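Have a look at these structures, which come just after this line.
Below are two complexes that have chain A in common, paired first with chain B and then with chain C.
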Partner chain A sequence: MKRRTFFQTAAGAGLALGTNAAPLLTHLDAFSDPGRLSHVEARHYVKLPDREIECRLCPRNCRLGDKERGYCGVRENVGGVYHTLVYAKVCALNNDPIEKKPFFHFLPGTSALSLATAGCNVNCKFCQNWEISQVRPEQVRNIDLPPRDAADLALRHRSPSIAYTYSEPVVFFEYMMDTAAVSRSRGLRNVVVTGGYINPEPLAELLRAVDAVKVDLKGFNEKFYAEYVRGRLGPVLEAIKLIARSRTWLEIVYLVIPGLNDDRDEIRRMSRWLVREAGPDVPLHFSRFHPMYLMKNLPSTPLSTLESARSVALSEGLRYVYIGNVPGHEAENTVCPSCGRVVIRRVGFQVKDNELQSGRCRFCRHPIPGVWT
Partner chain B sequence: MMPPSRVVSVKAGNIIGRDGAVDPKRVRLALEAGLAALAEAPGIREALDRLFKRDERFGIKINTIAGPALSTLPETSLPLARLLLESRLAPKSVVIWDRTNRELRDAGYTLNLGSSGPSVLGTDTEGFGYERELVSHKNIGSLFSTILSRRVTSSISLAILKDHGLAGVTGGMKNYFGAVHNPNKYHDTGCDPFVAELFETDEIRSRHRLTILDALVVQFHRGPSHHPRWAKKLETFLFSLDPVAADSAGWSVIERLRARAGLPSLEEEGREPTYLRTAEKMGLGVARSDGIRLVEIEV
Partner chain C sequence: MPILPASHTGRLDLKRRLPPFVLGFLSLALQIVLLREFFVHFQGNEMTYGLLLASWLFWGGLGSLLAHRLKVSSGRLSNLFCLVLILSPACLAGLRLSRLALGILPTELTGPSAMSAFALALTLLVSFPLGLLFVSAVRARGGDAAFVYSMESLGAAAGGLAVHFLLVPHLSNWQVAGLVGLAAWTAVFFFGSGKPHVWLRAGAALAPVLLFFGDAPTQRLFWKPLALVATRDTPYGKLQVVGAGSEVTLYVNAVPVFSSGDAAEAEEAVHFALLQRPRPENVLLLGGGAGGGIEEALKHPGGILDYVELDPEIIRLSERILPPEKTAVFLNPRVSIHYRDGRAYLAETPKRYDAILLNLPEPSTAQLNRYYTLEFFQSAARRLAPDGVLSFRIPSSEIYISPARARYLASLRSTLSAVFPETAVVPGTSNIFLASRAPLSLDAEALSREGERRGLRTTYVRRELLEDRLNPMRVEFLRRSIDAEPARINTDLVPLCYYYANTMWAAHFSGPESRLLEFLSRAPRGPLVGLPLILGLLVFLFLRLRASRRTALLAPLALLGFSGIAVEVFVVLRFQTLYGAAYGSVALLLAFFMAGLGIGSRLSRSPIRASRKGLLLCQAALTAFPGLAVLFLPFRAPKIVLFLALFLYGAAGGAFFVQANRLTILKEKDHGTGYGLDLLGSFLGAAAVSTVFLPLAGLMPTALLLLGLNLIAFLFLSSLPERSSSRTALSRP
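This part shows the complex of A and B:
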């Protein structure tokens, strides 16, 4: 969707819907409830004297007086009780290929019912979805999509999974948790696309409820996080470690921004850290940056920079390193690290060939890590 | 040219009645006295002539986030709007505005989109909303209220002076957080440098003419929410053409009240409003107390 079109629908007045918009829209008209916000008590906060509260969901730990909202803009202190304003208030909904998240080692070739509410707990200057992530829920049109209806919708569209994505699912934690529970009971999987800016306790809870997490690792130094993300790197690394030690599948995306986070030494340090803390089998996607939001002054990432980053990561021992946002590039394919044959061939978000058999390379029987069925 | 760092403090006794109601007639008296003193004019007509240009479209940005107990009330903003409408300035329009119609109603306003009297409306009024093009300036990236960008050529920040848990003090400059779609993104690091940088945007700086701080009741601790235990009836307005000096003078008021109540200073609590010094460094006004001349009058 073109930026302008997306903006006019999502932040202006409408709802962000993708390629399968027509059938979803027809179905969702019944749920349409624009303008109203939810007032469901939030989880992971503590009550303080004088009607103040402290949110414990993310590392910001916002301390708020009555009537104030957190940094995310979607959680509000109402008389000393912390409310989520976006429970079941969906502002973006698509039936996406799971490769678009991207997940390359999780049910390849399937679709994921992908949804988001408004809000985010960081403010990346290069945000690709700022029209929904950097706004308040009353500034977009929302539909009411309770957990059970989200599961119904996924089943109706033959999507084996629900993806919490686009904005920052951490900020709609309660809705995500309830939807994951309902949909899992009906045989669906749940995947999360997140910046990983979440405290350990809610993350541990989340990991018990979902099947895969993709973390956007936005850089590998604190200065970059402070200046361009408005967050801290440390908690994100802790989150990655926690996910890697869980049973939940993990993939990492690193958006390579020219001149800002593309230093080869830094990418080398990041790759070494990933090998050590998440293991050599964690898929790493180097994604191409396009000028957006507050960083329109930079060029798109040169292909050579992406290829260089990939080369560094492979040399450090990571086995599955991909290049994203470059449709048709050979680094979209999954290559068997044992025999060197392509086991999953992709073009853009489409899987063209899948040579895996029971999670093994068809040619040499080498196991390929992932969730394949 | 008037000294830019002068702050006029007007104390209006009995402006708040025993029942807690604000007397709009006393408000008008206080406004007239404050504006005349600020302009060093013999009367309100001459003062307005000196302070503003003719044929402007005035916007009075109020603050209604905290409900009726701690918001800019109609009894305060309407007399100001009427002063402008009755003046020789022949304003094309006067609009009293804030973020949302809900907050305006909660603070006691009757919305007015009609042609008579001052308009009263929130940015979420149908047909208004936020601009679609981002304004990017230093650390600021925001969509501005179209009320400000399209309806207002001359802006008055009529703000509540109060303690703020994160910023230390909230006053006339921070009041403009309510002019953008994403104020929640500007509360990090004591709102510094965000308050100053937002004010520095062309959208605000080119329109801002005057700060009036409503210190009728001052929440000097545990703000910005209302807690009667730490709220003091001062029955005072502060006026300044210098937005930084106005807020700095307001900060002094809060510190005095805190000291009287035996509370630590904001600096001792690690939340002094550092954004004021930042604003001064950026050339937006004077933050140093020795650079501000306070004129105190009573009506």
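This part shows the complex of A and C:
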């Protein structure tokens, strides 16, 4: 495909590519035309009599007859064989600062080639990316980006990692796994931004393939999950425990929505649970809610609510508690828990100063947990 | 058939005249209150109005048509009045509190299907009995539908004016309904014929009290888990201040206007434009000043700021709820506040500005769309200095631009480009559109440097975020995403963006309605207007060949309803685009229309013989209106012409209604037929014309459609054989 043709295609697909334009522009020919949906056999399902199947990828365990799709809308039973329809069908592609995911303890100051397909296995009323997550893959414009090409793009883009993000990477599990394998073999890291709604077996497989996972913990009670997320909290907590016990780096984001999940006691219980199950070093980001999707008319989160949540979490023993979506706030910085000095100073998505040396505080040599190189 | 004896209540003959007058008054007052509440509940627009109005008219029409089957007699008049009064608080409370039962959050977006279901369920409670009431009133008048129609229309005219000019400025919506209910109860109790059942009487007396005192507690309940701090109903909408933590958010019609602690939107609305020029001396800010727009603009040194705000209550309320340091800007000597419609201000001011900052919500209503049309941009261009900048912001997506969104953005950009040689669009979760005659810059480094030079202290529009946001590839891909979709220009006469914004709203839901809106947004204009015309032709052909003479004479009443509502919307829209915000004027326009209906039907009741010729004459007058609209639409009609046009159209419609009824109503069971058909036609008109034809096809093709349909009706009527009609009970004075 000619570069001009790609531009027309990709522009039609609404793709936005990020920084370092020059290398990207010179290698865009790697893309193929936007095509039909993929029909690659899915993993983690069992065949049942009468051409029925049961998906075992996420806790929904959808049981499907022939030609039926799972809750996520991107996996379909075709004559008793379960297919993923979005293998290499990318609908959003950017090169983002890794701080935007957010990962604060993982290769700070670098960019991550960020990609997504359509679909999600929950239905949050406050979804930030509903135009790709709450639709079927045929409702968005996709481009083909096979695993090898994704790795190529990241390398040529000088991004040390690939981020599976925006929608819900669990629903494009096969594509993510294959891309992670290819890119790891070529020296790239892989990070996953997920709601954590995944069964233990596929999660264990995923953890062997990727380097970091950020889990969006959307609340800390089952009622909230049932009403506003259309999922269950229990499996998410199980997933967090599993990730925390693995060698994969874990960070947690808690989007604070005024009136819905900002109760101090709930945040206290959540912080205690995190300290107990994931350890005091797991970074926790309290993000400011900006009105979106079905909740686009709710107020955004008051700063005082975020600060209060942060002080509760710190008092419960968590050592790295951040405030997100408030650029310039001092709680964007990483502070050494030993000497109290700022070791990484951030504003927005930019790292202004990095005082870490070999993963230790330059001032007191205290080790700061994370993946720094 | 019972016929009332002559007046027993003095020269005014209240016993005869009052019930239909009260019916009209009550009906329109409740309709206005429910429309306002519905609008607020669903953060609505004219489509929301269309849906609710259509449901209202549907049930009213059905009520009239079924009245005979339901054995509605004149003796039930007072009981039915009481029933309406009792059900009106149930309807309003059902709307406000249903979210608690359905597990919906306050202000949560609701899709078109759910909204239609709500509209149908709620209007059933009030409009259906009102339809029955009409027939009951006709029977109480010995079958004189024309008299009832005439008095009802005059009552509606009076109701519209009283609600808009006397009640709404001083009372909340519920209180208005309560007061009107109390007045209706008094009228029915003292002047109505027949005593209502004692329980109904008591219930009807209690209902206004519930409305009067139940408003504030139910509003607080509605907003839980958030806290309602203050509320005001103004002629422009419902203002509500909602507290969350230490911050407050001001809502206008349930749409957040600003939060006290979040400067993101104000910063975006102001700085991208003001950083384009080295010394923006004269700045015009249209809307959003209380939410930080003024404060942000004043961060740029020197210069003066004209701030235009439509609703003075917004500023008054802000002064009450915001900390003094935030409201001090209102008194800053650099700031002049003008309380008026922004578009009208721009058309009349002699000043020239270095920047015009449009800081209003996106064009999700026809009312707001006036600020995003070719005509508005031309008006802005005339008031801009040679290198002046116009800017506005539209909610968008940072990571993915869907084809529907691209079409919407493309329309806005091409409309801007038709006026300004230079345009630029900032990517992000909001797209900031910039336009000028001089070059514009989206260079992060240049803008950051300029901001730093001026010492701007900002949270969101700052170097650390601009570098990511204004990355050249992001800018380029947004540009190309927009370019990938065909662009149509948004004008006063074809308010396309209003439709596109609604397509985006419908896209939040996966029902078939979102696909229908999306499909229609791609539909060419020819078939959009041509198909209903062909359909109308086929219907009239069928009627001509198969239907009885009576049916044939009644059928055009459905078209009368259809055209009537279409003409109302048409004139209101034109009035708004020509003369700015027309809230009070809308009431006045509709009152002229209703008064026309009343007087036309009254004059047509003279005891001469009703004839096909008379009907033809009325139909000719009804056809003339869209004909004249086609001829004069490109010109700026004086206000008085629009008022008179609606009055005359109403008069012709009223006369037509009476003539058709006199020619056809021979039996008691026919009393509600004409009225029912009229309302069902209006239902179709409200559903289709205001929601699809006007925004998608535009005013001129809609006028052509109305002209075509009415011409067909004229030809149809003139093709019917002349036959003398007998005088019926209807014509009895």
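Methods note: the second predicted complex is superposed on the first by the 342 of 373 C-alpha atoms of A that agree within 3 Å, B and C clash if a C-alpha of one lies under 4 Å from a C-alpha of the other, contacts with A are read in each partner's own complex, and residues count from 1 in each chain.
FYI, contacts are C-beta pairs under 8 Å (C-beta built on N, C-alpha and C of every residue); 3 or more make two chains touch, one makes a residue touch a chain.
What you are looking at is a predicted structure, and each value in this text was computed from that prediction instead of being measured.
Clashing of chain B with chain C is the outcome of superposition onto chain A.
With both structures placed on the common chain, the touch criterion links A:63 to chain B but leaves chain C unconnected.
When the shared chain is aligned, chain B comes close enough to touch A:50, but chain C does not.
Of the two partner chains, both chain B and chain C are touched by A:294.
By the document's definition of touching, of the two partners only chain B reaches A:230; chain C does not. Set against each other, chain B and chain C touch different numbers of residues in chain A, with C touching more. In the superposition on chain A, A:71 makes contact with chain B only, not with chain C.
Within the superposed three-chain model, A:138 lies in touch with chain B and out of touch with chain C [touch as defined at top]. In the superposed model, A:242 makes contact with neither chain B nor chain C.
Once both structures are laid onto chain A, the chain C stretch out of 131-139, 383-391, 419-427 or 509-517 that overlaps chain B is 509-517.
Annotation: chain A residues 7-8, 11-12, 125, 134-135, 293-294 touch chain B in one complex and chain C in the other. Taken together, the chain A residues at the contact with chain C in this complex read 7-8, 10-12, 14-19, 21, 24, 91-92, 94-97, 100, 116, 125, 129-132, 134-135, 140-141, 166, 227, 258-260, 262, 290-291, 293-305, 308, 326-328, 347-350, 352.
Across the interface of their complex, chain A is touched by residues 43, 103, 105-109, 225-226, 242, 244-247, 249, 251, 254-256, 259, 261-262, 264, 395, 397-403, 405-406, 427, 429, 459-460, 462, 464-465, 467-468, 471-474, 476-478, 480-481, 483-484, 507-508, 510 of chain C. Against chain A, in their complex, chain B makes its touches with residues 65-67, 100, 124, 130, 132, 134, 136, 141, 165, 181-182, 184-185, 187-188, 222-227. Against chain B, in their complex, chain A makes its touches with residues 7-8, 11-12, 50-52, 63-73, 123, 125, 134-136, 138-139, 230, 293-294.
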